[in-house]
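First comes the structure, then the notes that go with it.
Letters are used for the chains, namely A, B, C and D, taken in the order the chains are written, and counting of residues starts over at 1 for each.
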C-alpha cells in the first residue's frame, strides 16, 4: 500500500533505517478465521512478516458483536506486547498489516488495516501492493461527494464498495476490484467472512494456510510456520477467496485469465529466505543466483564475503560454486534500532559503522569479493567498500545478485526516482569507479530467471514482473500518465503518533 | 457535540471528575482569522473555555498552503504546552474545540475540530450543541455510500456539504444547515474563510470579537478577555457569518426568523461568571438568583455557605439579600486532577473529601444554609450535607439556584436518564429526606427568569429553553421519536489515546 | 527541606507556577503507623498538603519485611494514581513528603522521603524546614569520607545517625538532632517505629492525629480531616515522639525548653484555611487580619475584591468590618497546570490573564480595594492592578494582609534575594507608585499579632518568628555567616525525571 | 558488575531475552579523554559493546566545570538518541557503561557509571566483573557508618577511596584496589583524569586505543573500530593507567606480578567475533574451535547448520574441516525486542519460533549436525532440536564449541545455580537424551585451549580461567565462603524506571 499524498516525512534517518540502501517492500498482510486466539496468531504472523514493513502495524479483530482495532507506529512487538491491548482484540477472526511508509504519510490515519462502516456492516482491509489509478478514481469520487479519511490508495476500494450499485457484498467487492488497476494482495474482513484477493497478474504474493479448522491468509509462508500452520496453496493471480464459518472457503475468479507476472525481486531481496514463494524456496533460489553469478562473472580472490544479512545466501552459493572460502568479513550489529544518536560533525563520517564492522583478521591482506543483493543509490555500498579496503583488503570486487535496478517500481515497492537510481544514471564502468571496486558484476536477467526456474520466456509474456530491471511495466500506469499530482491546497498535516 | 454511537467509556471516575455531580456542558468553540499567532491565541481561548469540556481539545490552523492539526485527550494546557506542537500550527487562521464526551466515544477519531477534504478544498469544523436528527441523516447517507470516520453527530454536516448539489461552498453549507435539526454553534474554517453559524433558536452561545484586525468567534466572552480582544456582538440565532481576508465579515440569515430560546442553564452553571451571555453578566444573574432565592425561600440560620465553586455567586446574592453572614464553610482542594488514587476498601468512604473539606470553625454549632447551583443525581450533595453535619452544624438547610432538574437535555448537555435524575424520581419532601437536610428549596421558574431579566413569557414562545426543568423541548427530537438506535453490528472499538 | 547545592533549575515558568508571585512553602510531611492501608492514607494526606509543595512527592512504606518506595516529579495525584504503584507500597507504616524545590535541585535523587540503610536497619526521613548549618556539617562529613547521594540538607541527618558513637537508634537520633541547627519538622520511619521531631523553637508545624488505633503525624490538620482522623494535639517545639507497635507513643524532650517561635507566615498564607495551626483556626485568623486591616487602613470605596484564592478570607474580614460589599471582581482559572503554551512575542503580554480574568460588571465604574496576602516581587500585583483598571475601575486601592516582606527566610521558605524583594528595595510610596494603586497599606506587625491572638510581646522573646518582616532571625545562620558556598567543581548535573 | 542484594526482578522474559539460554556477560565499559565529542563517541562505543549488557546504559561526562550524567534502562540507542540528552553531556572526557543485570537489582540507582562526590572532587566509575569480597567489606563499612546508595558491589570501591587514610587520589585508589578481591576492569573518571584498572589476573578484558590525541579505554576492540580509533595495546593484568591532559598516560603496576587467567569464555561466546581479545581474533579462535570439534567428534551427516547467531563461526570451522556443506537451516528473526506478546494458552507452545524458524528446504530429508556455542539450561536447545526434526531432518546431531558448563561463575558472568546447569546435573548420555539428539559432543578443554593458542598448561597456572568448565576458581570466594547473605530487613524495594 503506498501513500498517495505527500506529507511530512516520518523522522527516520534513511541511512540508519533497518536495511540501509535497499528497496523497501511496502507491506505484509495476514488474516485468520476460525481460531479463538485470532489476534494473538495475527500478531505472531505479522512479527514473522516484520521484514516487509517496519514503520507501523495494526490488527482488527471481529468477535461476532463488534470490530476491535489497535494500530500504532513501530514494530509489531512494540505495539502488541501488552495484555490490555491483546485482551481487547477479541474474536475468532482478525486481519493484520505491517507497513513501510513511503515518504509522506506515516500518520496514524494511514496505518492499516483501514476500517469502514458500511450501511450493511463493517469492513477492514489490509493491502500489499499499489494501485496505479487510485488518484484518478479518488478525484472522481471526491467530485461525487465522497470524503476520504486517509491519504492511502487503499481507501478508494472501500468507497467503491460503498457506492456500488450491486446488492450483495460479494458483488460490490468484485465491482470495486474491476475498477482498480495495479498490484494488490488484499486481506479483508466483514462481519461474516475473511476475504483474500490477488490482482490478475499476481504481482504480490498471497498464500493460504490452515491450522486445525482455522484458515489463514498471509503474504509469506514464514508467517504460517511461526504459528505452526500448514501451507495449503498459493492464492492464484486474479483469485478472490471468501472464507466464512457457514460456507467454508469459496474461490471466485472474476477476471479473465492472464499470464501471471510475479515480482521477481521477491526472490532477490523482499521475501524471507525461509519462505516458499510461488513454489520455490527463496533460500535455494538465492543460492542458485549466487552460483549463476560465480559462473557468469568469476573472479580470482581469496575470500567470498557477504554483505550481511541480505547477501548471505547468494554468497554461500557463490562460494560453493567457485570453491573460494566463505568468510564473515563484515559483522553486523543487530542492536541498531530505528533511531540513534544524531551524528555530530565529528561522528558523521562514522555512518555505516553503526551497523557494519569489518572483521579485519578475515580481510587484511586478502583479495575479497563482496556479494550483495542489489545496488539502489549506491551510497551504503560505497562506504562498505571503503571500510573493507581500510581493513586491509588488497582487492575488493563486488558481485550483485540482481540485475542493475534502473527503473522505479509502481507496484508496491518504494524506489527512488530515476535521478537517484545509480544504475539509471551510470554505466557499469562508472558504477565500479564510484563504488571504488576493482571489478563489478550483476547477475544477468537470464541468469536470474534461470535461478528462479527457467530462462526468460521471450515475447510479451515473460514469467515475472522485472520492470525495475527492464522498464517493461506489465500494468497501465494511469495516474502517472495522466500526470496526476495530489491536490495540495487542502492538505492536512496531522500530528504523527509519537511513542 | 455529542456522540451518537455508544462505545467504550473513558476511564473517568465520575465522582472524581472535575465537577462531580453536575450536568456537563459538552463543548467550547473558538476561531480566529487575521492574526499571525492564530494557533497560540486559539490555545489561550480554549484554555479560557476549559470549563466547557475537559476531556479533549484540538486545534486546526490553515497557513495558506496546508491545514495543520493537533488534537489530544486531556486539558488544553496538556496538549498545547510544547513548542514543537505550536510551531507546527502555522497560519493566521485557526479553529479550536474543547470537549466533554458523553459516555461512549472519547476516542481520538471523535476529537474535534473534525477535518474533511472536499473536492474544492479543506474544511475544519467544531461544534457546540447536539443535532437531533443526526442518526436519521447518517443512515440515509450511509445507504447512499457515504463512509463515516467518526461516531460524532457533527460529521453529517461535512457529508451533507460534500454531496450537496449546490455550487458554491456557501450555498452548500446553507443547504446542509437546512437539513439538520438541533442545537448548534459551529465554528468552521475553509481555505479562505472563518465561518460561524448558530441554530435558528440560538440555544447555544456564540460571540464575535475583534483584536486589531483579527476577527474572533468564541462560545463565551471570557475567551475574548484572555487574549485582550474586544467583544463586538453576539452572533444572532440563525445567523451565519463568513469572514475572509478578501471580503471581511459578511452576515447571512438563511432561516426564517424565529423566537430565540437561549439555554437558561448557561446562566445557572455552564458559563463562566466573568462572561457576558446574551447581554447579561453571568455573575450578576447568579447573584440575582441568590437574592430571589432568599426572598422566595428564606431561612433562619447563622451562616450562608456556598458549595464551592459553582455555588459562590448565588450564595453571595443570598447572603446580601438575607443579611446573613457569608462564610467559607467548605474548602475546595483545587489540586484534584482527572485521576487519583483508586479507593481501597478502607478509603472508599472518604470519597467527597478529596475535593471538599469542612471548615469546622465556621460550621460547628451553627445553623447553616448551603447554596448550590443544581441537584442532578444528588449523590455528592448527600455526602456534603453529611460532612457539614459531622463538622458540627446544628441545622443544615439547602437552597438551589435552579429549579428541579427533572428532564434530560437533547441539545448538547450530558444529562443522566430520567431514572437517575433525583428530581424526576422524587418530590421535594423525599429529596430533602434523602439529602438529609432540615429544609430544601429550589428557585422557581419565574424567579429564575426574573433574575435573568424578566418574568417568563407565557404562551408558546418563552424567552429561554428551560426544557431540563419543564420538559418543554423547543426543537423536534427526530432521532428519539424514530426510536433511532445506533447500529451495533459493525461497531468499531478503537484504541483510545492514552497519555 | 531546602537544597544545598545549586544546579539545573526545574523548567517551571515561575510566573505560571501554582501561585504566581508568592513565597513558597517548601514541604509537607505525613506519617502513619498502625493502619493496613498506610500508603493510601498517606497519599490522601499528602494530597491535602499539596499546597505546601507541588513539584514532587514521595511515599516510603514498611511492611515488616522490606521498605517500599515510590517518588516522582509532579503532584501527588499524578504519582499515586495507579493501582500497580499503590499495590507495591504494602505495610501498615508509611511516611510521605510533598515538596517545593528551590532553584537547583529538583532531581529525583533529592525527592523525599530520603532512604538510608544503616547497619542496624532501614530509615526513611521527610523534612519540612531548612537546616542552617547543613553545609558546614556536610563538609566535615565529606572530609571524614562520608559519600552523599543527594544535594539535600536533610541528608546530613542520616549521616550523623550512621556515624554516631551512641548505641541505640534513639540515642543516635538525638545525638544527630543536637548537632543540627535550623527549622525542622521531621517525620521518620525505622523498621519498628514512626518518629516525629520538631525543632526547639517549633518554627514549622507538626500535629498528631489518631484514626482508630493508628497514629498519624502531619504538617497540618487538614490532612487529618481528609482521612477522617481526629486531631490529638500539636507536637511540642523540641519534642521527639516515637511511636511503635510495641510501646505505643513515647514523648522525649531532649532539648532545654525555649520560647517557641512559630512561623507567623503560616497564618498569612502557607497553611490551608481549614487547618487549625497552633490552636488557631487559620481561616478565622485571616478574617481577623482583614478586619484589623480595615480598622488600621480604611478606604472609601464601592467594593472589596479579593485577589483569588489566597486573598479571600482577609477580604471577607475586611468587607465585614468595613461594611463595604464583597464582590468577586477577579475570576481565577483553576485549570492552569504546571506548564502551558510558551508565550510568543504577541501573547507574552497576556501573562497574568492565563490565571486571572477581571469580572468587568463588578469593576467598571467602581472604586475598588484589592485585598491580597502579601507582596513579594510585586510583578503579578502590578499586572493585576493594571488589569483591574482596564476593566474600568475608577480607583484601585490595595490592602495587604501581611507586613512588608523585606527579608529572606532561611527556615524553609523559598524567598528571593533582597534585591528582588519589593519591600526591601522600596518604601511604601514607591511601592504604591510601581504597583499603580491609588493607595497601598500593609497590616502592621502588631495588627498581625493581635489577629493571631495578642499583641507582640516586647523584648527578645516574641511569640512568633516574623523574620521575613523584621529581620529578627531567632536561629543562628551558621552556613550563611561562614560564607559557605557549595563546592562546585564536582557538581553532578543529572538527568531530571521527565513525565 | 553484579548486584549484591536480591530484589525485584526486572520483567524480562528470559526465554524471549536477547540471547535465550546463554550465559550473560554482565557489562561493557568505555572511556575517552581528549575529544570534544567525548559523549557521542562513548555512546557509539557502548553501542558496539551492546552485546555485553542490554538492560541499562549510562554515560557520565566531565566538562571542566561539572559532571553530567544520563542513565536509563534499555539499549544504548534507546537512551542516547535525542539531541537534548547528548547536548547536556558536554566535555572532552566521558565514561560509559552498558549493563546486564542479574536477578535483583535492575533499578535506576544501580545503573552505572556510579558517581560519588568526594571531599576533593567528583568520581565516576564503571565496572565489568564481580568483586568476591564486596559483601564482607560492605558490612564492615556500614558498621563504620558508611551509607550505601546502591546495591551494587562496585560501590564499595568509592567508599574505600573516600575513607582511605592516604593523601592523593592515586594512593587512595590503590589503597582501595588492594582491599578488594575478584574480577574487575574499571573505567573511572575524576576531575582531571581517565583511569583504567584491571585485576591482577586480568580475568575481564580491557584495551587501550587512540583517536588523534584522544585516549580510549574499552572492553573490546570493536568499540575502537566503530569510532575509527586505533588499537594500541591491552591493559595488562594488574595494571592501572591514569590518563590526564597534563601528564598524558602513566602506567602503574601496584600489584605483585601474577600468572594471568583471562576468561576463556570470552572466546567462546561473550566477545564480538570482530574483536581481538588478548591478541587473538575472536572469529578465528571460534572457527578453530569448530575445526577442532570436527576432528574430535566427527559425524557423518549431510549438512552443518549453525544455531544462529552465536554458533555461526564454529559451524563455518566445522564445515570447512569436515568438508560437509554449511547451510542456513535455521533463520533468526532479528526483530525480536525485549518484550513481546504474552503467550496465551494456545500460543505458548510456539515459544522458540518467535526467534528461530526452520528453513525446511535445507533440513527436510537431511542428516543434520547443529553447531552451537554452549548449553546452559538446555531448554532452548531442546526446542530447537524438536523444531529441526519437525522440519523433516532424518538425524539431528549436536556439537558444542565449549566444554560442558558445569560450574557457576563468580567473576562477572550471570550463571544459574548448579541445579539449573544441565551439565552439572546430567552426564553426556542423559543430556543427549533430554535434548533429543542422535549424538552430542562438546569440545574438550584441551581442544579449546589449542584453538585459543596452545594446549592447557598443567599445574596450578593454566593460561585461562576455565572455572565454569572445571570448577578451578583462581580467586578467593570470600563472600561465598563466609556464607554471606545480604541483610534483608531494611531492604528497599524501589520503583524501577519504566520507559
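We take it that a residue touches a chain if its C-beta (ideal position, glycine included) is under 8 Å from a C-beta of that chain, and two chains touch if they have at least 3 such contacts.
Keep in mind that this is a model prediction, so the values were computed, not measured.
Asks: So if I look at the partners of subunit A and the partners of subunit C, which chains show up in both lists?
Replies: Where subunit A and subunit C share a partner, that partner set is B, D.
Asks: Could you work out which chain's C-alpha centre is the most distant one from the centre of subunit D?
Replies: In terms of C-alpha centroids, the chain at the greatest distance from subunit D is B.
Asks: If you average the CA atoms of subunit C and of subunit D, how far apart do the two points sit, in angstrom?
Replies: Between these chains, centre-to-centre, one finds 49 Å.
Asks: Quick one: report the Å distance separating subunit A from subunit D, using the average Cα coordinate of each chain.
Replies: Roughly 37 Å, centre to centre.
Asks: Please work out the Cα centroid separation of subunit B and subunit D, and write it as a whole number of Å.
Replies: About 61 Å, centre to centre.
Asks: Where does subunit B touch two or more other chains at once, residue-wise?
Replies: none
Asks: What are all the touching pairs of chains?
Replies: Chain-chain contacts present: A-B, A-D, B-C, C-D.
Asks: Considering the complex alone, what residue numbers of subunit B touch subunit A?
Replies: 65-72, 85, 88, 108, 115-119, 121-123, 139, 142-149, 158-159, 162-164, 191, 488-495
Asks: Given the complex with subunit D, which residues does subunit A contribute to the contact?
Replies: Of all residues in subunit A, those touching subunit D are 35-37, 40-41, 43-44, 47-48, 50-51, 54, 75-78, 80-83, 86, 222, 225-228, 272-274, 276, 281, 283-284, 309, 312-313, 316, 320, 325-328, 331, 333-337, 339-344, 346-347, 349-350, 353-354, 357-362.
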